[in-house]
Each structure stands twice: as C-alpha cells, then as structure tokens.
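Before anything else, here is the set of structures, which you'll find just below.
Both of the next two complexes hold subunit A, though its partner changes from subunit B to subunit C.
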Partner chain A sequence: MQDLMIPTKEILEMEKDDLEERIRYQLDLAEKYRDFHSFVYLEEDPAVLGPSLGVKDNISVKGKPLTSCSRILEGYIGTYDATAYSKLKSDTTFLGKTSCDPFGCGSSGATSDFGRTKHPLDPSRVPGGSSGGNGVALSLGIVDLALGTDTFGSARAPASFCGVVGMRPSYGLVSRYGLLDLSMSLDTITPMARDVYGIAWLLERIYGKDEHDLTTVDIKLDFSQFPVDLKYPRIGVLTDCFRSPVDERISRLVEKTIPKLDVDIVEVEISTSLDLLVKAYYTIMPVEFASSMQRYSGFLYGKRGKGTHFQEIAIETRSDLLSPELKRRIILGTAISTRELRDKYYSRALSIFSKVREEVDKIFKDVDFLISPTMPVLPWRFDEIVDPVEIYMMDILTGIPPACGLPAISIPVGSVEGFPVGMQIIGPRFGDVDVLRLARMYEEGIA
Partner chain B sequence: MVKEMIKRAAKIARIKLADGESERLAVELETIFDWIGDLPRFETKLEKEYVEPRKDESTQYAGVEEIKSMFPKRRGDYCRI
Partner chain C sequence: MIRIGLEVHVHPMTESKLFCSCPTSLESDVSMCPICTAQPGAKPMAPNSEAIKKAVMLAEALGCKIEEKIVFLRKHYFYPDLPAGFQRTSTPVGTGGKLAGVRIREVHLEEDAGRYDPRKGLVNYSRAGVPLVEIVTEPDMHSKDDVRVFLSRLSDVLDFLGFWNDKVMRADVNISVDHGERVEVKEVSTIKGIMKVIELESSQPSKERVTKHFDEARQATKIAREKETEMDYRFIPDPDIPKIKISPTGQESYEELFKKVAAEIPEEIARTILVSGLYPAYREMKNRMEPEEIIEWISIILGDLKYRNIDPRKFIPNPEFFMIVDKLRSREITRYQAVSGFRDILDGKQLKLRSKKSVDLDKVITDVLNEEGDAVKKYARGKKTVIHYLVGSVMKKTGGSIDPKKIERELKKRLE
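== the complex of A and B ==
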C-alpha cells in the first residue's frame, strides 16, 4: 500500500524501484477513479523518469492527444512539445492529459465535452476550473505534479476547491509556447502540486526566456533562497475581498489564518470595484478568444464538418462542434469587436485594467504581499448555478493578478463544511520566489 | 437589437445558430450586456485629462505624399501614415 500523500520532496528522493511501484499504483488508482473524469488521456505504460506528471489538455505534448476537451479538436494529436513541458520531460513521468473546461472557458472545471469532472470529496459537486482535472488528480493522489493554465483563476480555483496548491506565475516568467490560447494577454502556464515545495520544484525548471514566446522575459530568479524565511512581511489585506458576495465562513477562516505568522497587517483598498474588474475581463477575453478561435474551421486542426466548399465546411464544423459556452464567448467577442461597440466596451475594459494596475502598483509600495480568500464560495452542486453571469462572478477574487501580471498562489488553509478553503497570496511582479517563501511559511505554520 | 447584433456577429464568426439556440443566446447575451452595462460609464484617463490632439505631421516628411498616392484611393480614407 502506498502512502500517496507524502511530501513532494520525499517523492523526488525516491529510489527508482520505489518510484516505479508508486507509479503503477497511481495508474491503478486512475482506473479505479475513472468516473471522476480527471483524465482525458492516460498513458498505458509510461517511461518512469521521475514523479508523475499530469498535463492539462490545452498544453501540447508531442504525439499525444491535444483536444482542449472540445469536440472540435477530437482526435487531434500534438505535433510538438510546449516549452514548459519540454523542460520537464526528462525529470518526470508523463501520466496523461488532464480534463478541463473546453479551451479553459469555465470556472467550474466540469464542462469538458468528454465527461463531467467531479469533485474528489463529493462527486455531485464541481472541482473548480478550468484546470479541474489537475485539482482532482492531485487530490486523489493519481499524480504528484501537474501543469495547468491560469487566465483569470483557472489554476487557483481548482486548487482552492480540491485542497491542493496552484500558482499563477508573473506574466512573462513561463513560456506560453504550446498552449492553446484562451486570452493571450492574460494566459499563463501554471505549476500545480500538493505542496509548495512541488510548485517551487516545477517553477524552477519551467521558467525562463523562450524565443518562441516574445512575452517571456530574461530574468534570473534564485530558487535556492526558497527555504529561507521572510522577516516580518507586510501583508496588505484587501478589504473588498472579505465582504459580500464572499461566504462569511470563508472570510473568517482566512482572516484567522493571516496572523498565525509574525506579520504586519495593513488594510488596503482600491477604488475600482472587483465587480467592475470581472466585467472588464469578460469584455477583453471574449475579444481575444474570438480572434484565436478563428483558426478552428475544420481544415488545419481536428474534426471537419460536412460541406462542399471552404465556407460551408467551416460553418458546419464550428456550428456543430463548439460547445454552447464557446459559442457564447465567440459571439460576444465578435460583437464587442465591431466598430459600434469597440469604444463603448473594449477600450473601457482596457482602461479599467490600466487603472487597477496603477492602484495596485501604488499599494505594493507599502506592502510586500496581498492576501485574500481564493474563491468566494464552496464548490457548488452541478446544476445549482447555471446562469453564465453568476458563474463569471466566481472569478471575483482571482482577477487582480492577471490584470496586473502578478504572481499569485492558492494554498489550503482549512475547511468549511468539510470542503477545503484556499488562501491567495499575491506578490509584486517577479516576486514569485517570495510568494513561494511566504506560502511555505503558512503551510508549515498551519500544519 | 441584441438579436440583430447576435445574428451579425454569428455570421462573422461563421457559426450557424439553430432556432432555439439563437433565442437562448439572445437572452443570455442580453443579460451579459446588461451586466457589463456600467463599462461605458467608466471615464478613461484621456477623457478626464484633456490632451491636445497632435497636429498632422505627415507632410513634414519627404516622400510621404508620394507614398500616400501609391495606395488605392479607397484605402486613403482609413490608412494614415
């Protein structure tokens, strides 16, 4: 019998025989928990090179299925390795592709076209998304490490709901090459694990300048500093993040957790409402998404609809194979891009992001970190929330880091009604190592 | 109006909507547009702080007129150098 929940550090130090046995056990477990739909593709006989790794199905791995959990890409095989994965492939055991909301479009993690992903503690509830498969697979012990993506909370939400750790790195720190776009100016490839050490181990390997992604920056971060504690960090508590619509029990739990370390706590506010920030996101993202989705017409990638000429085939393919949420976002984005609406919505949304960036930059002159709950609610039941706007509002606490390009991590800090609750730590741009250090201090302080 | 806009956007996006789908989407997008309805009221920095518009400097550069004349006439309406 394997102890699946041992610290990542111990897994990394395992002898090869033990590791092989562990991975065989994990494959059996994946079979046993098949109904949770954490994977859309599972390796049958993986080459054991290190700890097991799940890769979200919107990240390309050469020779493996790449569907982004959408029927429009069913049967498509990745033709090259994403840079982040290529930096890990010799040190990890690729176990398969994990489930997600199609093209990362969702906060529930449960809307894959190939089967509903279920919460590990209660299969009638959502696991959080869009990287829901990673959250479930890590929580059940099927994988030890995972690569996900985070556009406006897609790694932090499932980390919070499933009781694992997910980190969105600073924008530009990790190459996006090989990631199927949702919103190119906000997307990041993100490490996920069961502890902060696992995140640091992944991030140390995957970060860095990449000639295939011009938004990456040439910066050297010192991960050897990771075990060193921080002295009296100044914590900014964004008061808005603890008020309604956030579940009071979640707010209270996070409020109680913050002073468990020796920290200076400062209450901070931004004048732009978080609600407006979410609205700005749901204006910018559909525009970028509609543009990047133009390429899926049945010719270059994936499945092809019926028809006799290009336009007819493209229309058939897209109409038949895109899910309702994808169509909603594409049509919304296309409408907002038109001359009549561009200035009214899109330009304003960009200005809102700029204003929030200015305000948050100022706040970081006075504090070292910002802390808030990660999600405003507990995992909801399938069909309990179906209204798109209500689901969009679930991103209300995870929007500041993407809007400002900042690093943010979600770590489990306790539970409410038996469901895990995540706390979000946000750092200044490229302060990723310090975010990890503080997260580890909390991880140890709470344990 | 939203229905008309959806029809137009769907055509540009190469998506054919089935009868029921079109109605459902109209309701959903109307809700979304209502929801983001306060965006147009957000005052941008440019609106708050009046900025003197830059005068057209294109004639200062030699050859610009010649290049401009090389563009098809219709494009001149929206192609600025």
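== the complex of A and C ==
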C-alpha cells in the first residue's frame, strides 16, 4: 500500500492507476472512520479525475445534498455549482460533503445537526470549526484537498487543531457564489490541504473575478514563482496575541518558531483590544446572518413545518428546525438591526472594524507579515466549554484578517501535549502569494 | 380635508431582471434561476444598467434632482412571494420633483416579488426580480380628480420616455382625513381600484395608523394582519452589492418641455407629440415647417410609423422628407403624392415625384375613356358612382400627381 501522507505534489503527479487505488483506499478509510463524522455525504463510486476533494456542506455542488449541516435544509439538493467548485471539478475527484457547524456558526466544528464531528487524535475532543469535517478528513488521510469556508476563523481553527493547513484568501479574491451566507462582508471560500503546496494548487485554480459575486476583484496573481525565497522579511508580532488568555505553551512554541528563518522581528500594537474586536464581530455578523436566514421559512425549499397560514408555517419551521446557536444569532441580529438598537450597537461595531482596519493598514507600512498563534487553546473536550460566549472568545486571534480583508494561513508548527499547534501568518491585502511563500519556507524550515 | 399620497410602482422596459440575466417576459413560466429564486448561496449579479438609466431618466423627467450614488438596501419581511425574505430596494435615484402640482418625494429602484395566489397557495416566481421603479409623492392630492389628473399625467410621462410596455401601475394609497391618522392601502393594481379605495377611505377620519389590503373581487378594503406600528423592515445595506455611482442623463423635465412645445402649437397636439415619442422629430420639423404643416403631418407620420412598427423615437426626418414638404407647400405636388413619397422614404424605396405640370390631363382622360368603354356606358345609364373608378384609373396613369377633385371635375365635364 502507498504511503497515505505523502506530499500533495506527489499525489498531483500520480499515474491514474495509482490515483484510483489511492481513492478506493480513501473511501474504505471513510467507512472505517465513520464515527468521526467528517462527512455528511459520501460519494459511492466517484469518477476519478484527480486528487480527492472534500467540499464543506455549506458550499453548493449541483445535484448533491446541500444542508449546511442544519436540519432546516435536510433533503435539499444543490441546484448549481459554486464558482470555486466549478473551477476544480474537472481535475479533482469529488468525494463528498464534509461536516461543519450549521451554516458555519461555531468554533468547535462539533455541532452538526447530523452527528458530532470528533478530533482525529482524541474522539472526546472537538476538531475546531466550523470547517471541522475538512480538518478531520485531511488529518486522517480520507481526502487530499478540501474546500472550506472562513468567516472569522472557520478554516484556520480546524487546520490548527487537526494539524493541517488552511488559508483564508484576501476578501474578494475567491468568488463566494454558492457559499451559504453567514456574514457576507466577511465570508470567504478557503483552500485546505495537508501542506502549503496543496493550498497554492487550489488557490491558483479557484481565484479570480466572477460576475456572480460583485465583491470579487479583477487581479492577477503570479503563482509561477512559487516557491521563491523571501529575503529577510519583516515580521510584525502583535504582543496581545501572545498574552493571556492565550495558552502560554502555545505562545512559547510560536515565539520559538518565528526566528527559525532569517527574519526581522518587530513588536507592534493596536489600540483596539482583541476581545472588543470579537464583540464587534458578534454584533455585525448576526445582523448579516439574520438577514440571509430570512429565506429559510419553509415556503420554498428544505423542510416545512406544520401550519396553514404562511406565518404559522414560518414560525413552526424555524422554531423546530434551527439549532439553538442559529436561533441565538438570528434573534440577536434581528434585535440589533431594529430601529431602536441599530445605532447603539450595529453602527458602533462597524466603526470598531474600520478603526482596526486603519491601524492595521498603518502597521503593514512597517512590516511584511503579522505572525501569531492561530488558536488560543488546545482542542477542548466536548463537555469542557459549553458557554456560547466563552466559545465566541476562541476567535480572538483569527479576527484581524476578516475585519481587514487580509489573507491568513494556519500551518502546523509542532505540538503541545500531543495536540497540533497552528501558527498564523497574515499578509497585506492580495499579498496571498507571499503568504504562501513564507508559509512554505517555515514548512521546510521546521521539517 | 382629505390628503392623499401615492407610491406608484411601474415596470421599466428591460430585457432582463434586475440582478440576474433571466428575461423579464412576464408570460413565461420558466423565467427563473438560482439568483431570482434566492437559492441558498446565490448572490446578485451587477444591477441591470438599463433599469438604472430608465429610473434616472424618469426622475429627471419628473423634475427631480439626481443623486450621486445609490445603495441597495435589504427590506426584510416574510411573505410567500418574496423568495429571499427580503426585498432589495435602492436609496433614492432622485428627489424633490413635481408633477401636476404634486410634489414628488423620491424615485427609486427595487426588485419585484413573485405572483402569489393565496387561494391555490402557489407562487409564480417568474416576476420575482423584475425591475420595478417606485415614484413616491407627498400627500398633495385632495380628491379623486386630483389623483386621476396626476396618474394620467404620470402615464403621459412614462409614454413620453418609452419607459414601459406593460402599462401596468400598482400603487400603495395613503389617505388621511381631517386630523385623523394615516390609512395605507397596499398594492392596488388598477386605476379603478385606486378610485374605489379613495371613496372607501375618505368617509371618516381614522383613529389609528393602519395598513389595509384591497380586495379587488369584493371591492372592499380590509385591515392587514400585521400592525403598521409593529413593522420594522430592518433596512441594511446589502453587503453583496457595492454602491453604484449614477449621473444625470440630460433628460428634460416633462412639464417644462410640455410648456415649451405648447407655446408653439396647440396643447393637444403638443401632448400627442410628446406622448407618442415624436419629440425628437418635432425638434427638427419646427425649424423648417409652419405649425399648421406640422399639425397636418403629425397624424400621417404617426399612422404610418405605427403601421410599420417603427419606434417614433427613432424617426428622424431626413432632407428628402423636407423636400416633399417644400414641394407640397409650393403646390408642385399633391397631398397624395407627398404622402406616398413619405411612405417610399419609410420603406426605403427610391423617391419619385413627378411634377404635375408635365402631365397632359386631357390626353390621359381621353385614353381612359377609350379604354374603359364599359364603365362609360354604366355612367351613361345612371350609375354615377362609377366615376370614382374612372378617377382612380386616371390617377394611376398620372402617378397621383394631380388632385383627384380636379380629375373628377374634368371627367364630369367630358361625360356630360
């Protein structure tokens, strides 16, 4: 049997026979690791066109189930291909839809309505989320490539917890067409893989302007020079990202990793506290989320609740089929966008975001990258953290890139107590290729 | 005193929907896609630029000041005809206009909803996403007559611009009586319905602000389930749509234009010219023709353009046309010749105008009388109407260059 964990580059160069054997083996693995719930839908007999690909269940693939792991869409089948997927479908093998927190709402990756997704090294712990299924499937070798999504950390968190690579591209670089909305001004479709090469291969194919997403930008990135050495990059280190509440063992591991390359290290500060940024996010996101969730009323698609009048149907459908976390965010977002409250909370949150953007822009005049740990803690046990607000605070280190539209990657840099630890590299807007280069250099420097 | 304000909705004529490329032809049952049915994950495409331009032109024609940019907002409510659970509606394209003495508060653009049939519980989403322009007035109307005048003038403006082709107006009618509260009647879809609503709601002041629906079949209004005071549409800028820069097109205000044209020719003709779309042609004509000539030609032009399905807005009188007009004025040709010459121009044929002096009428009549022996006999036996047939034969031979009345006179002289 071939080695499952070979570099992505070698998989991409495999002969067809070897690839077919590999994918048959991966399907067996999926069966074997069924209890980890990395998939909500698995292809039975996929046409082998390239390396195996998992697609997060909040991304539309024509003719395949599309539930976003929420009961409200149970039985719904995607009616069209998401742009990012359509650019991959002819040279990857679609293996199935991967688990996530419903509509991407969660940092644990463990709250799918259709079965709890488990950490690959310890089934009593969370895999990180919301793209948890991708983290688990990549880590276990069930897939070689994956499409996830990242709004405020959803690809980077599971990458960090599961010891794989996840990258949030610059906002506007990859079309969101076909991504089920969480927070439209922050959502991104993200490449995930076991190494940086896999990420670059995916991103090169999926990026680009799309008439179906007006927020995409017409820009040409040059992947041909990848990888190339960067000379003495200046690394900004936000001191707040290494302090409590971040686990000291994680901070130390990342601090030790940064100087493994020839870099200049610059300590930087922003005046907005990281937890205020998280609070602003949990104000803006629910407003956008509540708006986009209006369509799940039981009239048009998905499951329908009982009732005769349309209002009864909508109330029944939504009361019965939305998870508590979804309801919490919808109710919060609905309240915040009302006439009475919008100025008090929504407008303030928006101004916190724009202030952070200004300050971070200024920092990038002095540094080439920002580096920090990806997650403040190790994967927690399911019963360890249940308070929603405490879980929200797991996003403190992953918030700056979405708030500022910046690219950010999480790569594994070692372990603490046997669990993988991810390091986050943030670049300037559309500096995605440089982020990949530096990530590749660390990947090689650590190995 | 009764105060009436209107929110009038009209479909601008566009080929495709506002945020997707589905055709707007409303009869089709299959004009829908993931975007206009709000399938999970679908996002809007760039707003239809033709719809934006039409909205701007309408706002200008109503005398509004044009804004520098528009933002599409999401207006949230649940209704089966609204697939996304929100309607996209723009900030004003223009504000502060006036028509028929009624102040126009604003003109904006929005997407239409599907067509809901509550009895069958079915929705046709072919209309969902079709562009809709809303004209919001101040409550400046005080009677059915005021409303009738306003709507008919608005209809003129829409015709003038070639704005619509379905000629469908839907309106929300706001009425307050004396010092009572405002009653809003939603989605009245005919002018007759609007008149009925005003009749029903102007009898006594309302004690509370209330929203009603109009039941077309029963000709009655009934209070909506949702209370107006409880409604909060939670407007937010649509994060999927960047703001859009707009600019004036240079369209003149309809009423000012009307004043200008009515100073030159009678009001009724001025209105016909504007409403039919002949204004660009008129601008050319007025420099080279007398008002009486224009009046005479307008109905001919309109009739022949209509017969040939030519858009009057695209009709530009060429030098040949003015040559015909000049020759008719100097009596070189007959009206008949002028008209058929005009038709030749429209049909792209070679223009042939024989001067009437070159024809020897006496000789032609002699020829015709010799050839048409039967007709001559009929006439002699007292069937006088046969003269028209003979006139026709003479005209054919003279290429219509001679006044038919003159031919008839000459024929009669010879036959009697």
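Everything that follows uses one rule, which is that the second predicted complex is superposed on the first by the 447 of 447 C-alpha atoms of A that agree within 3 Å, B and C clash if a C-alpha of one lies under 4 Å from a C-alpha of the other, contacts with A are read in each partner's own complex, and residues count from 1 in each chain.
The working rule: contacts are C-beta pairs under 8 Å (C-beta built on N, C-alpha and C of every residue); 3 or more make two chains touch, one makes a residue touch a chain.
What you see is a predicted model; the values in this text were computed from it and never measured.
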Quick one: is A:Leu276 in contact with subunit B, with subunit C, with both, or with neither? Answer first, second, both or neither.
first
Have a look at where A:Ala314 lands relative to subunit B and subunit C in the superposition and call it first, second, both or neither.
both
Once chain A of both complexes is superposed, is A:Arg348 in touch with subunit B (first), subunit C (second), both, or neither?
first
Taking the superposition as given, does A:Glu211 touch the first partner, subunit B, the second, subunit C, both, or neither?
second
A:Thr334 in the overlay: touching subunit B, subunit C, both, or neither? Say first, second, both or neither.
both
Subunit B versus subunit C as contact partner of A:Arg176, first or second or both or neither
second
For A:Pro388, is the partner it touches subunit B (first), subunit C (second), both, or none of the two (neither)?
first
Touching A:Thr398, do we find subunit B (first), subunit C (second), both, or neither?
neither
Considering only touches as defined above, state whether A:Thr149 meets subunit B (first), subunit C (second), both or neither.
neither
Can you list the residues of subunit A that meet both subunit B and subunit C?
290, 294, 297, 311, 314, 334, 338
Which bits of subunit B are touching subunit A when the two form their complex?
5-6, 8-10, 12-17, 21, 25, 28-29, 31-32, 35-36, 38-40, 42, 44-45
Contact footprint of subunit B on subunit A as seen in their complex:
276, 279-280, 282-283, 290, 294, 297, 311, 314-316, 318-319, 322, 324, 327-328, 330-332, 334-335, 338, 344-345, 347-349, 351-352, 354-355, 387-389, 392
Which residues of subunit C touch subunit A once you look at their complex with the stated criterion?
34-35, 37-46, 74, 76, 78-80, 83-86, 123, 225, 232, 234, 236, 239-242
Which positions of subunit A touch subunit C when the two form their complex?
58-60, 66, 68, 73, 76, 78-80, 82, 176-181, 183-185, 211-215, 287-288, 290-291, 293-297, 299-301, 310-311, 314, 334, 337-339
